[in-house]
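Sharing a structure with you now.
Chain nomenclature is as follows: A, B, C and D, assigned in order of appearance, with residue numbering initiated at 1 for each chain independently.
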Amino acid sequence: MFEGIYTPVLTPFAEDGSIDYEKMKHNLDKWSATALAGIVVLGSNGEFVYLTEAEKVDLVGFCIEHFHEDKKIIVGTSYESTAETIRFSKLVGEMGADAVLVLPPHYYKGSMTEAALEAYFQEVADQCPVPVMLYNMPPNTGINLSSALVARLSNHPNIAGIKDTAGDIVQLAEIIRDAKQPFSIFAGNAGFLLPALTLGANGATVALANILPEDCCRLMTLVQDGKWEEARRLQLNLLQVNHLVTRGIGVAALKVAASYMGYEGGLPRKPMIPLNVKDREKVEGALKEYLVTR
Amino acid sequence: MFEGIYTPVLTPFAEDGSIDYEKMKHNLDKWSATALAGIVVLGSNGEFVYLTEAEKVDLVGFCIEHFHEDKKIIVGTSYESTAETIRFSKLVGEMGADAVLVLPPHYYKGSMTEAALEAYFQEVADQCPVPVMLYNMPPNTGINLSSALVARLSNHPNIAGIKDTAGDIVQLAEIIRDAKQPFSIFAGNAGFLLPALTLGANGATVALANILPEDCCRLMTLVQDGKWEEARRLQLNLLQVNHLVTRGIGVAALKVAASYMGYEGGLPRKPMIPLNVKDREKVEGALKEYLVTR
Amino acid sequence: MFEGIYTPVLTPFAEDGSIDYEKMKHNLDKWSATALAGIVVLGSNGEFVYLTEAEKVDLVGFCIEHFHEDKKIIVGTSYESTAETIRFSKLVGEMGADAVLVLPPHYYKGSMTEAALEAYFQEVADQCPVPVMLYNMPPNTGINLSSALVARLSNHPNIAGIKDTAGDIVQLAEIIRDAKQPFSIFAGNAGFLLPALTLGANGATVALANILPEDCCRLMTLVQDGKWEEARRLQLNLLQVNHLVTRGIGVAALKVAASYMGYEGGLPRKPMIPLNVKDREKVEGALKEYLVTR
Amino acid sequence: MFEGIYTPVLTPFAEDGSIDYEKMKHNLDKWSATALAGIVVLGSNGEFVYLTEAEKVDLVGFCIEHFHEDKKIIVGTSYESTAETIRFSKLVGEMGADAVLVLPPHYYKGSMTEAALEAYFQEVADQCPVPVMLYNMPPNTGINLSSALVARLSNHPNIAGIKDTAGDIVQLAEIIRDAKQPFSIFAGNAGFLLPALTLGANGATVALANILPEDCCRLMTLVQDGKWEEARRLQLNLLQVNHLVTRGIGVAALKVAASYMGYEGGLPRKPMIPLNVKDREKVEGALKEYLVTR
């Protein structure tokens, strides 16, 4: 059972486009010292699609070596082909990952019927040496994992949960209602963290936890302690910064925000473009205002 | 300030297509005896687009005459043209409506810029003798009222609130954060009633309250009393019936469900088609199961 | 059988919001003197959704009285309810309309299944005293009439054709392939007039014909005369002005363009907003350039 | 300048999931003997997203070795990262590819602004040793290359053209109107081949040319010879088979159709699922009917 707040760690790049491991180490040390339950390596916020496989393996190894040994490490292992996803999942499982996070294949949207998706996840879960977390991310993939499909998949003994970034709170509620227990249901965006927890979600894997990990953890603690009004105010306060670093602008904004908060964001990798001055000011202004009012 | 649970009342039609006022009276009596704060007449669930203006006026008059005099009546007054919406809003205001519920005009989606929508609502609110509630209903209109637009409109002294059926819980949270108080924020679908209340919504106007008014009211009371776990279970239990009578099938299913629950659903009006046997069984089966487990 | 180029006539409004019949007369006289096969009254470009029924009846009567008696008049008669569409179709049929143009009902998008739409059009066609043209207009209605549905409906003896504004050229080709002859297939936007004619369309009902009727007619003549290279150049030349008066800006731009071309556009009716200076210059600039290069 | 009909070659897989080079050879020999101007290797129909880089290199080498030496070979070289696309484009350029076909990066849809996309294609074109063809494929990528962006990119001396699978015939017309010559504009789906050619497209790269290469070439010849009525009939006849092997079902159907037509389709690679019996019969039935009536 996975619980608590995870952050899908960003990958800082140097001017020459290489992974900046010094910055990565700095960040891993900081996240290790927080209340975070764990990290996700090679998630969307980690720009995994821009990394070669050699870089992926190096980065996973580095995180396993340097992140707090008592906290969990989940690794994104998605490829379009079933065979590749299985191969890479086995590899990171052997390296020591606690679980893998797997997107639906999504290039051939018309061919990815529920039957095809179900067979894919079943086969990956059958062969993966560590638990599989489903990763529902329609804004990036153009494919939604329906609550009915997720409920069916929850019966697989090696499918441990879902990170749901879809933002459809009714669908999330249906998953909570229907999934076979134990099944870890994680909010995938801090914009709906409180609603998800209210309905019974077990945790979250959210970009915002890169830069405000303690605040995300505190929101969860407030709910556990029944301090609903404080939780409500915190949720509303978090919205604006969260919007900018996710749906509003995205990873490039998250990196600027990270640097502002004492982490090392580094640069995004091309084709992603670094923030222009105006957007940088918007992100830093939102953070400044948040820090004053929290 | 509007608060509590409202039901957007269905309009029962007879075999010959006319409004069945006997059935309407039966339902109004039953709703009057519940904890509902009020009703919405001429909402989407009332099939307002299928009524002639003469029928609309008759129906509003009938509801004002027969619904509990201490409860509120909100009337849907949307037309595509500004002038018509104002004219009809004045009329129902004079008839005794407590407020009007107004959709964005939506036929010319490309022309309905935020500027056009803002001017529309401002002008309607300027001239309407009773408070205006905004009605955000993207599934039917294809137009979304952004949280920024709603926040601007909340400054108008005669715009009293919003019924938000969009289902984007983050957007709803932004409205709660940004609207100028007092501003009544109503969930527009019972599928996200608990999340909305958790974030600070003031009430709801939901189709489900036609058939399960006390259960909807109870969910709100549970939240007010801090009984979160009971509220959570009730929310999850309500999902399936709610799905069928709203997004899953719609008004025709709501009418069948109403009849099953001791209300008088009557028939939908053409071109809407009554439920086939299979869907009828699905709706009744879901209700039966809900009643057993609640 | 309907053939040739029709224009869905704009409705000029005066400063006080009333229909400006003097301007309407001016335009009808000019259109009468062109090669247009006919006009459509109460189409989308005529802002039909902003007119009261009394205004609709007056306007239809005025057009029948003043438009060229040897040309055809098709009238838009769409209401959401089956009964209202039939009632109004009968009325304009008795007034002398040559055909009616009917949208799918579209407020309850989830309930408007193919079965519901088919029953609707069948019943309207059964009872309408003049031929029915289907009107596929997804950008405004959010509903698409599939080629399979259109093909089935083409078997009804009183369904005479379709105006297809969807812009899916493959779907249009399928309709041409499958519809039971005779069936008049009209392009609904001048942006794809040449492709539609190449595939076998019988004509067009396009906004652009309000302001450049002869050019639209000439494109059709060029195709009939086998002058494909000239047709091709004309099609490409027409694109920019057409874009601005349809998908790019819309009816408000069409009215400005009309006035520039010697017609009387008048104002749009609220909530539609008249063009700002910048857009006005863009529209007039595009027309100026077109007139120089044609 | 690229002209004529290309086929984006399918990749036949064996039961064990490996590339079946014997089948590939069989197909290359057959395509070599047709009027096709060339082939595209590693296109969407080639399931390029399911191939490892080693397999991609092998396959490209195999095609260069075995395909007709006087015909052209275009290779799909898309990766999400700019650096990877450039690296692989250089590699296949050195191997002998005549051009590369490049998708917009599309995982971070929110970050792929026009500015980011323009910078991406400019940089790839700057560094690629052979001409670059843009590849607009919104159904798979969720990103559209606007006609304005394509027009700007057409100014780059090493951007040679576009394969446009979007199916928006107006957008295609705008590209034809605005692109700086020489610029090769290819229809990306046989469903709108005739409309595209009518407007001035230079050719096509279409899945259907895998199985009916001569018929696709004949359509182009008919247009060049001014035999419009024959072209029109051929276009309409091709629609149904084309629908099934592209938008209707997809690559798995294309493979079944290939085998039916004397090519060797082989199996799709997982997670794509082979056709079930019912769909197989539908595809074969459509082909049978086409062959009888052509």
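We take it that a residue touches a chain if its C-beta (ideal position, glycine included) is under 8 Å from a C-beta of that chain, and two chains touch if they have at least 3 such contacts.
Just so it is clear, the model here is predicted, and its values are computed rather than measured.
> Shortest hop count from chain A to chain C along touching chains?
Counted as steps through touching chains, the separation is 2.
> Over half of interface residue numbers shared between chain C and chain D means same, under half means different, so which is it?
Here the answer is same, because the shared fraction of interface numbers exceeds one half.
> Quick one: which chain's Cα centre is the longest way from chain B's?
It is D.
> Roughly how big is the turn, in degrees to the nearest 5, that lines up chain B with chain C by CA atoms?
Result for this pair is 180 degrees.
> Using mean C-alpha positions as chain centres, tell me how far chain A is from chain B in Å, no decimals.
Each chain's C-alpha centroid was found; their separation is 36 Å.
> Taking the mean of the C-alpha atoms as each chain's centre, how many Å separate chain B from chain D?
The separation of the two C-alpha centroids amounts to 49 Å.
> So which bits of chain B are touching at least two other chains?
none
> Name the touching chain pairs, would you?
Pairs satisfying the touch definition: A-B, A-D, B-C, C-D.
> If we count contacts the way the header does, which residues on chain A are in touch with chain D in the complex?
17, 44, 49-52, 80-84, 105, 107-113, 115-117, 119-120, 123, 139-140, 142, 247, 249-252, 269-273
> Help me check something: in the complex, which residues belonging to chain B touch chain A?
Those residues of chain B that touch chain A are 167-170, 173-174, 176-177, 189, 191-192, 194-195, 198-200, 226, 228, 232, 235-236, 239, 243.
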